[in-house]
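Each of the two complexes below includes chain A, the first together with chain B, the second together with chain C.
Coming up: the complex of A and B.
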């Protein structure tokens, strides 16, 4: 029941984000200069920011960027994990040891430290579109290590299995054996890792955005929208400014609730 | 045991050296590495610019920079920060105690919360309490570290509270699962049937079973806390190593970044190593 509700909520939010152009009352960069910092009204459901942009519209457009690009980054990182971890586990021996050593090096640095360091070293004065691509590309490129370790262990177990021995005996070898027999059997782990990575990447983007290293203005993202909290003096001052935070919590918790306990264990 | 420790120490040394080299490589290949703000000063003449260029010449060859860094580091000289113009050792010496205090306080509070809620949930075993604690931990699990930092600023709460609230849900969830598993062991049924009190069961039959895993979790939680220290210190204005790492990354400060990477890697690996050795001792004692 909870799982279905979570999936339904995620679907609704994803659809709203996908059709942001039709749902949002204004563009994400449209400025209503006559009413900056206005309180919620019928015209502006969540009020306007300090340069008069409609917060509700920016939230919907921001959701589109965060919610649609996080799965794209998760897909890329899962593919990388499958290639590096899966192949290393399948090949075994020195390959597996080298891959595990490299993964350990990656995992020995705290994820946020690594992310902030790499993002900080890349140019910040880029166009908003490039900043979106760079942010999510970094998440994908740096986020594969934990999944790779799990996939490496999964592939190593498969390597010893009877059906692979039989496939080898019947003349199958190399990349064909990996693609046709190993990868399909790793599918449950791949799917679970993909699903688990999405909320991690959403939260990481929010962290980067709040530190000014995420998506560049005027393009909205949840991290960028949360930066508005920096200007608040107290929580009760303008609670509608917390709308992106509430939506972020709801979406991330729905991603976690949508997973069964068994999938989490993978 | 001794060979296990020796292997761990060797692997820590290798990972730290490799990590430092990779971070140097990363900074060296980052766009704008060669640019020094001082070079844009129009008052400087050609010879001054040449002197500036020569001052950084050592950093232009990665291997030369790295070898010279290692040689100096062995003598206790960690170089001079390019962006702050101060010796790196002095900067780390000033800021490390601040971060250590924040991280330790955050870890202690986070673990205390997780232990208190986890154990009371295990002892009470009521659905309502279970659901309430799961919702509370789930809520904090869904909050980005930077948002927690801002919330603690808004609520005038100390910075370590942010770290505590990042550590707490991770520890709590894992501990709750461990306790669930331990309480479902068949010999506990016998212990209850023999009339042992719940506290005695917890102290003598549950905690010893989960202790090695809890220790391993303690090692991992150090890494989580150190990672969270960067946004927390940056947004809460705490002058610690986390804030320094942030400034070093933005200023493309090669000497500072390499040293901070070494320090962070050392701390996280040592914590994991300590936890691993302790849990190994506990396991072998249990066996």
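Coming up: the complex of A and C.
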């Protein structure tokens, strides 16, 4: 029941985000300069931000960006994890030890500083859309290591399994064995890792956004919208500024709740 | 006996089996202890109630307590409150006034300043103040090994700065070349004791440093030997102590102020000002435009890794002026700074009463005029997009430092303003080190928005910005020779004003510099932020001004009454 509710909620949010152009009462970049920081009204359901942009419209457009690109980043990172972790676990021995060492090294890197550094090296004159794609691409490229560790362990377990010994005994070897027998059996882990990575990337983008290093203005994203909470003292005066946080919590929770018990156990 | 020490036992009941006398002795002992504790408590609370302590925050950790080596706001605050100076710039009328020097005279050629010193003054440790201390301080300050920024302000040319005692109460300081506005620079020179074993801890200012807890606070106590008295002959300062909490988080600073745990917030931004104003309007103060400006500039560096057609736009005066005319400065002030800023009219803020060129006005918001100017350079609109004479779409990026929401908002407003004349702007925010690397080393950027903090009123302090050979000549640093005629003219005028001591001639030259900057728009000055502060109702005698330190410039005359919170 909870799983269904979560899926339904995610579906509604996804549909809202997909049809943002039709649902949003204003453009995400339109500045109503005569009414900056206004309270919720019929015209602006969640009020306006510091430079007079409709907060509700920006939330919907921001949801579209975060919800479309976070799964894309999760997919890329899961593929990388499957290739590096899965292959290392399957090959075992020195390969596995080297891969695990590399993954551990990667996990121990201060990823936030790495992200800031990589972001600083990128060209400046990119369009906001490109900045969005680049931000999530960087997150995906840097965010595969934890999944790779789990997949490596999963593949190593499979390597010892009876059905794989039997397949090997019947003459199968190499890539075919990995693609036909190992990867399909890693599917539940892959799915769970993909599913879990989505909220991780949403939160990572939010972290970057809080530092002002996420998606470029005027494109909204949840991270950028959460920056309005920097002045924590103002929240009591304008609780509607919490809307992006509430939506983020709900969506991330629903992603977790949407997993089956088996997937969650993995 | 053991039970007698048991504090948990009820003193009204004697333990079973204990003789009455003994029980009485226990009771007596407990009573005495309780009485002693109560007395100590009352004494302590009485002391703290009687002691008047002003409390506010330092936003950075002081790295050094040497007054000759100040490098950040925290160190300047401590120097201001503890250091005795020969001349003090009055923060209200901006004029230099006698302090430890009764009077001074600058020679006609501007190469010598002679101070007549006050007598009967002692350092906080009791050692007497004399002319030898001034000579010692100047020797220390001008020691090349010290690398003092304050000392650099006196270096007018090749040769050493010398100080000599000409009479027991007179000191002359001789410079190799004239130093314009030399008397004002002494506002930043805290006199050290040549004899005191405490060295820089012996001070002539109203307070001395009593305690430093790294990362937590600095406690300044009243200097018992401070030389100033009020009009009724009462010894200054009135305050017993100043506690400076080290706190970089402005939310926490505001929270502590609202709880009454801090008495002053010396510098507020417009958001916090409005938030505080909503609940306590009497506590916030807007002193009007400060010396601080926000500005935007284009990268004109010849070797910058940007396309040549972009460089030719950025080097075009008409292009820069067109951009300047397309920005809605009133909106920047009203929307971004909530009305607590004024559109800027050049490099000097109107807060700088003497040096501001009042003939200059902010650029008008005139997109049509901007398109005409651009038309003169071959730019044209095509399907709503501006293109140059070769058909290149006019697109560029504005970079600013991440985390500064005011600059980010200004960039977004400018982005929309320029969209109206067909220019596509992308806004990029970078962490500060990356930004500095781009604007001062790799020059891999198109345009930037940053702020300029002006501490000193004198234009000599801006030499490093205006001279074309300077590293801080941001739009085109370190030019071997001036690359444009107007930059050569600015160089000439800045050198001319620095080499004369006649204020009228200096003002003429610097007025012309300001006019050239507005004509050529190498910097597009956006706004001058207002000096905003908050002062608790318990503080009396405060009168916020636009010059730093805005709220405690007269710290020796402030009083505090804790009941007024």
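Here is the rule we use: the second predicted complex is superposed on the first by the 242 of 266 C-alpha atoms of A that agree within 3 Å, B and C clash if a C-alpha of one lies under 4 Å from a C-alpha of the other, contacts with A are read in each partner's own complex, and residues count from 1 in each chain.
As a working rule, contacts are C-beta pairs under 8 Å (C-beta built on N, C-alpha and C of every residue); 3 or more make two chains touch, one makes a residue touch a chain.
Everything quoted here is computed from the prediction, not taken from an experiment.
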Chain B versus chain C as contact partner of A:256, first or second or both or neither: first
Partner chain(s) touched by A:50 [first = chain B, second = chain C, both, neither]: second
Partner chain in contact with A:245 - chain B first, chain C second, else both or neither: first
Which of chain B and chain C A:203 touches, first, second, both or neither: first
Partner chain(s) touched by A:230 [first = chain B, second = chain C, both, neither]: both
Partner chain(s) touched by A:120 [first = chain B, second = chain C, both, neither]: both
Partner chain(s) touched by A:109 [first = chain B, second = chain C, both, neither]: first
First, second, both or neither for A:31, with chain B first and chain C second: second
Touched partner set for A:18, first chain B, second chain C, both or neither: neither
Chain B/chain C common contact set on chain A: 116-117, 119-121, 211, 230, 232-234
Chain C residues touching chain A - in the complex, by the definition given at the top: 251, 254-255, 271-272, 275, 278, 331, 334-336, 395-397, 399, 402-405, 408-409, 411-413, 415-416, 426-431, 433-434, 437-438, 444-446
Chain A residues within the chain C interface of the complex: 29, 31, 33, 36, 50-52, 116-117, 119-121, 124-128, 131, 211-213, 216-218, 227, 230-234, 237
Chain A residues touching chain B - in the complex, by the definition given at the top: 104-105, 108-113, 116-123, 199, 203-204, 206-207, 210-211, 223, 226, 229-230, 232-235, 245, 248-249, 252-253, 256
Chain A contact footprint on chain B (complex, rising order): 11, 15, 18-19, 22-23, 26-27, 30-32, 138-139, 141-147, 150-151, 154-155, 223-224, 226-228, 230-231, 234-235, 245-246, 249-250, 252, 257, 261, 264-265, 268-269, 272
